[in-house]
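What follows is a set of structures for review.
Consider the two complexes below, in which subunit A is the common component and subunit B and subunit C are the respective partners.
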Partner chain A sequence: MNWDFRTCPYTGLKVDKNADALMKVNAVVATVALLIGGLSAIGVLLTRWQAIHLFDAAWFYRLLTIHGMNMLIFFILFFEMAILYFASAVLLNSRVAAPKAGWVGFGLMLLGTILIEWMMFAGRADVLFTSYVPLRADPNFYLGVIFFAVGALTVVIQFFATLVIAKREKTYEGSVPLVTFGAATAAIIAVITLGHGAAVYIPTYLWSLGLMEMDAQIYRLVWWGLGHSSQQINVAAMVSVWYLLGAFTVGAVVINEKISRTAFVLYVLFISMASAHHLLVDPGMGPAWKVWNTSYAMYLAVLASMIHGFTVPAGIEVGQRLRGMTKGTFEWFRRAPWGDPGFSSLILSIIIFGFLGGITGVTFGTEQINIIAHNTLRIPGHFHATVVGGTALAFMGLTYYVIPLVFRKKVAFFPLAKMQPYIFAIGMTIFSIAMTFVGTFGVPRRHWDITFANSPFDLQFAPAVDLLLGVMGIGGLIAALGGGIYILITVWSVFLGTPMEGESA
Partner chain B sequence: MHTGLESPKGIWWKPAHKAEKLWVIIAFVWCMVLFAMMPLWHVRGAQNPSGIRAKVDPEAFLARTQEFIRTYQVGTDGGLPVVAPPPGSHVYMMAMQFSWTPVLRLQAGAEYTLHLSALDVNHGFSLFPMNINFQIVPGYDYGLTVTPTEAGEFKVICNEFCGIGHHLMLGKIEVVDGPVTQGGGS
Partner chain C sequence: MPADGIPKGLTDPPAPLPPDIGEGTEEQTKATGTLILVFVFLAAFVVYYFVNWKLLSALWRIG
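Let's turn to the complex of A and B:
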């Protein structure tokens, strides 16, 4: 086979053209998924904002299913596949192990995506993101998930194979860079996740065809091995992107390889148990099982995030000081590139993930607090802070470097790009906090009508709920504006933008 | 010093700076405090999600609930039977698309064993306005020991998506001071 490389004029890295192409297609599909997920988010938001209540019940639950699948699965995972190619082939100066397998994997993921989107939009899979059996969707929905998971697994295996050939062909000296190491932990967690996915969706597919029985509690147990672990891929990938953006934006250093790498290993060892906190008020498991598993085996995965929450900002400070910003305690902070959307995304992502998402998540993961939080709006309030304000925002920041380095185009509307992370972060913060507060009143998540208009009994929530839902709506719209600007900038830059200097269009 | 994008050369397993070490120790101690709080709350706390848990065939649960309604029914409300079981008894409430059956009338200060299960799909038991939540899974009997502490009218919201009529699903529990009346109903 003929290997074709280009040398990146900015980083000096040797880039396999196959890696280039695979990163591009994954990034493009991710953005399309973000657009679909974002539009459905607006529909869901304007329906839950009780004063507006835009869509009818059927379309509300449908849009909620579409929103969940597009954001949590399609957008995030296609983006992460691009990150895996970057962290393996590009950072290690290597070729992609088996480009054809990469295309097969991408094709399977895309096929699964199209099948699932079709089922959802046709109203044949109104089962929400979790698709708890025995709630039934069209068998093709489950088949789509299986295609997607097999495709993703192919790409993950490709990542490991690329690490092996890079080592064997000595394309780098020493150990792999920290970002590659972090991506490898994300990939290991991805294998665990996709294993659970197969264990739950293959039987569910057979069940939907009437070939076998399913136990509703076992489904929940195994499904959350997929559902929560997939969020742990996001955590490991996001932290890798934090180190990556720190290096790109201000030359942040790794203050201690041993500490940072050990923290990543803690994710692999303990974070999968976190799925148990979805089952804290379930009838199927006993208290000892719940207490042990939800404490992440002594909170050691929480410890990992606490460590990264220290080492990433510390690396930024040391990096800035090495570049001469040594005056006083805070010159490095004051003179940081706040107008660089990559940098502002990084800092905002760390703050929102850690303080809003992390703290709410750890507290909801205890038995007694879970009893007052389970399935209320507190839960989506929490995970919009982790996966949107944290992961998605970090990925957005990275995109401002992907556009010039991978697509080799100038970032269009740069003044808008400078503001975009702030708009998105402010909107998402208001949205998450308001949503969490509404949840404390016991307002259920995934619910079309909390006025219970046609129910046998009356129920009226405290008036503060209406106010807070309004605040949530405004925050959500600001975030949607930020998301819209992001999509405008990326699509315009990639398809209509001006090439970087020295590049032919 | 190098960035996270560069390969560290040679041995990188080096002692950490004392500030970093101190932070790891603080974080670890805090994690241990959190871990200790989990079982402590379980033992010392008065409100736990544990209870009698058993597998149950949905048909059997339906039969038990129907028997329970026949024995203790005192009236109807909102199209549903109102049931006033004596203190200390086993109480049944079944979830199905899209109702909670029956309406319960309980006595404040008395202890009951509340059995919750679903006949069709997953449902969520959410007691309003107390905001206490349980997952209701078909095939599983969740037997919770409950003592209503105050009189009043409580609602049961379904907070697990169970189908197109999910938002219509609302049940009721009345708690009265003094003995529950036989007959009458509301």
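Let's turn to the complex of A and C:
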């Protein structure tokens, strides 16, 4: 078979055109999912903002389900599939192992996505992201999840096969680059995740057809092997993107390859155990199980993030110092390219992920403290900082490099693109902090109406809650504006944008 | 050379490190700025963790 390659004029990398096409379609679908998830986020936000309280209960839970699935699964995973092609075929100068299998995988993921979206918008799957049994959705919802998972698994297998081919055909020398190594850990965690997905969703599908019984306790236990681990794919992919953006934007160095690679391995070994922190107040699990999984094993995964949280900025600092920015302690920081959206996204992503998401997450992962935080708005306050302020922002920063390198188009509205990471980060920071604070007052998460109107009982929250919900709403709208600008720039650049020099329109 | 619509990392990429740079001087290889940021992070961590235990102790009084 003849393989068609092009050579990137900026990086000098040899790019298999199959990888090019597969990266493009995955990135486009990811952006569509981000748009759907973002619009539903505004609906959820304006309903939880008690002074506005926009939608009725049915549509609130429907939009919350749509928001969760689109943001946590479709946007992130389609984007990560594009990253897997980039980190394997492109970075290693290799061909894609089996392009047809790549298209089959993409097709299955798309089919699953359409099926799930249809069920959710039709009101036949108002079961939220967790779809906890005994809440029952239409069987097609679970079937869609199975299609999606099988498709994603196909792409992950393709990633490993491409690594083998690159090694066999000697397309690179020495060890694989750190970014590829990080993507490989994300792919291994993806296999663990999808294994849990199969273990929980195939029986749930049969249960939804009335063919078998489901145990709610077992469902929760196995489901979080999927639900939490899927977010850990995000973390491994996000950290890989951090290293990549550091190298692209300022020529960051890897200060110690062994330490960075060991930290990635810690994710693989310990992150599944960290899923236990979702069940810290679950009466079905014993204290020894909870304490072991969250107080010891989980901290080894946290340690990995703390290592990367040091090595990435330290690599940037040393890279800048080696290029002459040695004055004082922070010249390397002051003179960094703050107008490059790739760099600003990288730094803001590290700060929000570490300071807001990381600190709150480890604190809530402590069993005793979890008792006062569990099922309050403190929890979504935490994970919006990790997944949105951390992962999504890093992916947005990478997009500003993907548009010229992969789509070979100029970034449209570039002055706006320079501001976008700041708008999004400021909005998400205000939103996450306000949400976390309002949760401290005991305001529950996933709740349509905290005034409990027409309920047989009454519960009054502190007056500060109304103020904080308003601040949360304003922060959320600013973040939505930042997200909207990102989608505008991306869609315009890809479909209506100016081709790079030397490229035909 | 900066160009509109293309990030600086592509139009004006970081200068390649000279091959004879070796290990670099002490000034070039220390990461004191990052270390200071790490201690700021640690302080924030300690404060937030302590506040949460304090809150818990206020809610669940012993004795």
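The rule we apply is simple: the second predicted complex is superposed on the first by the 503 of 505 C-alpha atoms of A that agree within 3 Å, B and C clash if a C-alpha of one lies under 4 Å from a C-alpha of the other, contacts with A are read in each partner's own complex, and residues count from 1 in each chain.
What we mean here is this: a residue touches a chain if its C-beta (ideal position, glycine included) is under 8 Å from a C-beta of that chain, and two chains touch if they have at least 3 such contacts.
Not measured: the values here are computed from a predicted model.
**Student:** Of the partners subunit B and subunit C, which touch A:Gly144 in the superposed model: first, second, both, neither?
**Tutor:** The answer is neither, since A:Gly144 touches no partner chain.
**Student:** Please tell me which partner, subunit B or subunit C, touches more residues of subunit A.
**Tutor:** B
**Student:** Under the stated touch criterion, which partner chain does A:Gly381 make contact with: subunit B (first), subunit C (second), both, or neither?
**Tutor:** Touch status of A:Gly381: no partner.
**Student:** Which of the two partners, first being subunit B and second being subunit C, lies in contact with A:Ala216: first, second, both, or neither?
**Tutor:** In the superposition, A:Ala216 touches subunit B alone.
**Student:** Could you look at A:Val411 and tell me whether it touches subunit B, subunit C, both or neither (first, second, both, neither)?
**Tutor:** second
**Student:** Using the superposition on chain A described above, determine whether A:Tyr61 touches subunit B (first), subunit C (second), both, or neither.
**Tutor:** Touch partner of A:Tyr61: subunit B, not subunit C.
**Student:** Tell me the contact category for A:Gly225 with respect to subunit B and subunit C: first, second, both or neither.
**Tutor:** Neither: A:Gly225 stays clear of subunit B and subunit C.
**Student:** Considering only touches as defined above, state whether A:Arg445 meets subunit B (first), subunit C (second), both or neither.
**Tutor:** first
**Student:** Check the residue A:Gln368 against both partner chains and state whether it touches subunit B (first), subunit C (second), both, or neither.
**Tutor:** In the superposition, A:Gln368 contacts both subunit B and subunit C.
**Student:** Where does A:Thr360 make contact in the superposed view: on subunit B (first), on subunit C (second), on both, or on neither?
**Tutor:** Once the two structures are laid over each other on A, A:Thr360 reaches subunit C alone.
**Student:** Per the definitions at the top, what is the overlap between the subunit A residues touching subunit B and those touching subunit C?
**Tutor:** 248, 251, 253, 255, 310, 314, 318-319, 322, 362, 366, 368, 371-373, 440
**Student:** Of all residues in subunit B, which touch subunit A in the complex?
**Tutor:** For this pair, the touching residues of subunit B are 1-10, 12-14, 16-17, 19-20, 23-24, 27-28, 30-32, 34-35, 37-39, 41-42, 45, 47-51, 53, 77-80, 99, 116-117, 120-122, 124, 126, 128-142, 155, 157-172.
**Student:** Along subunit A, where are the residues that touch subunit B in the complex?
**Tutor:** Listed in rising order, the residues of subunit A that touch subunit B are 11, 57-58, 61, 91, 126, 128, 132, 134-135, 172-179, 182, 215-217, 220, 240, 243-244, 246-248, 251-260, 279-287, 290-291, 294-295, 298-300, 302-303, 306-307, 310-311, 314-315, 318-319, 322, 362, 366-368, 370-376, 440-442, 444-450, 452, 454-457, 459.
**Student:** Please output the residues of subunit A touching subunit C within their complex, sorted ascending.
**Tutor:** Residue list for subunit A touching subunit C: 10, 248-251, 253, 255, 309-310, 313-314, 317-319, 321-323, 326, 329-330, 332-333, 337, 339-343, 354-355, 359-360, 362-363, 366, 368-369, 371-373, 400-401, 404-405, 410-412, 414, 440, 497-498, 500.
**Student:** If you look only at subunit C, which of its residues touch subunit A in the complex?
**Tutor:** Counting only subunit C, the residues touching subunit A are 4-10, 13-17, 21, 24, 27-34, 36-38, 41, 44-45, 48-49, 52-53, 55-56, 59.
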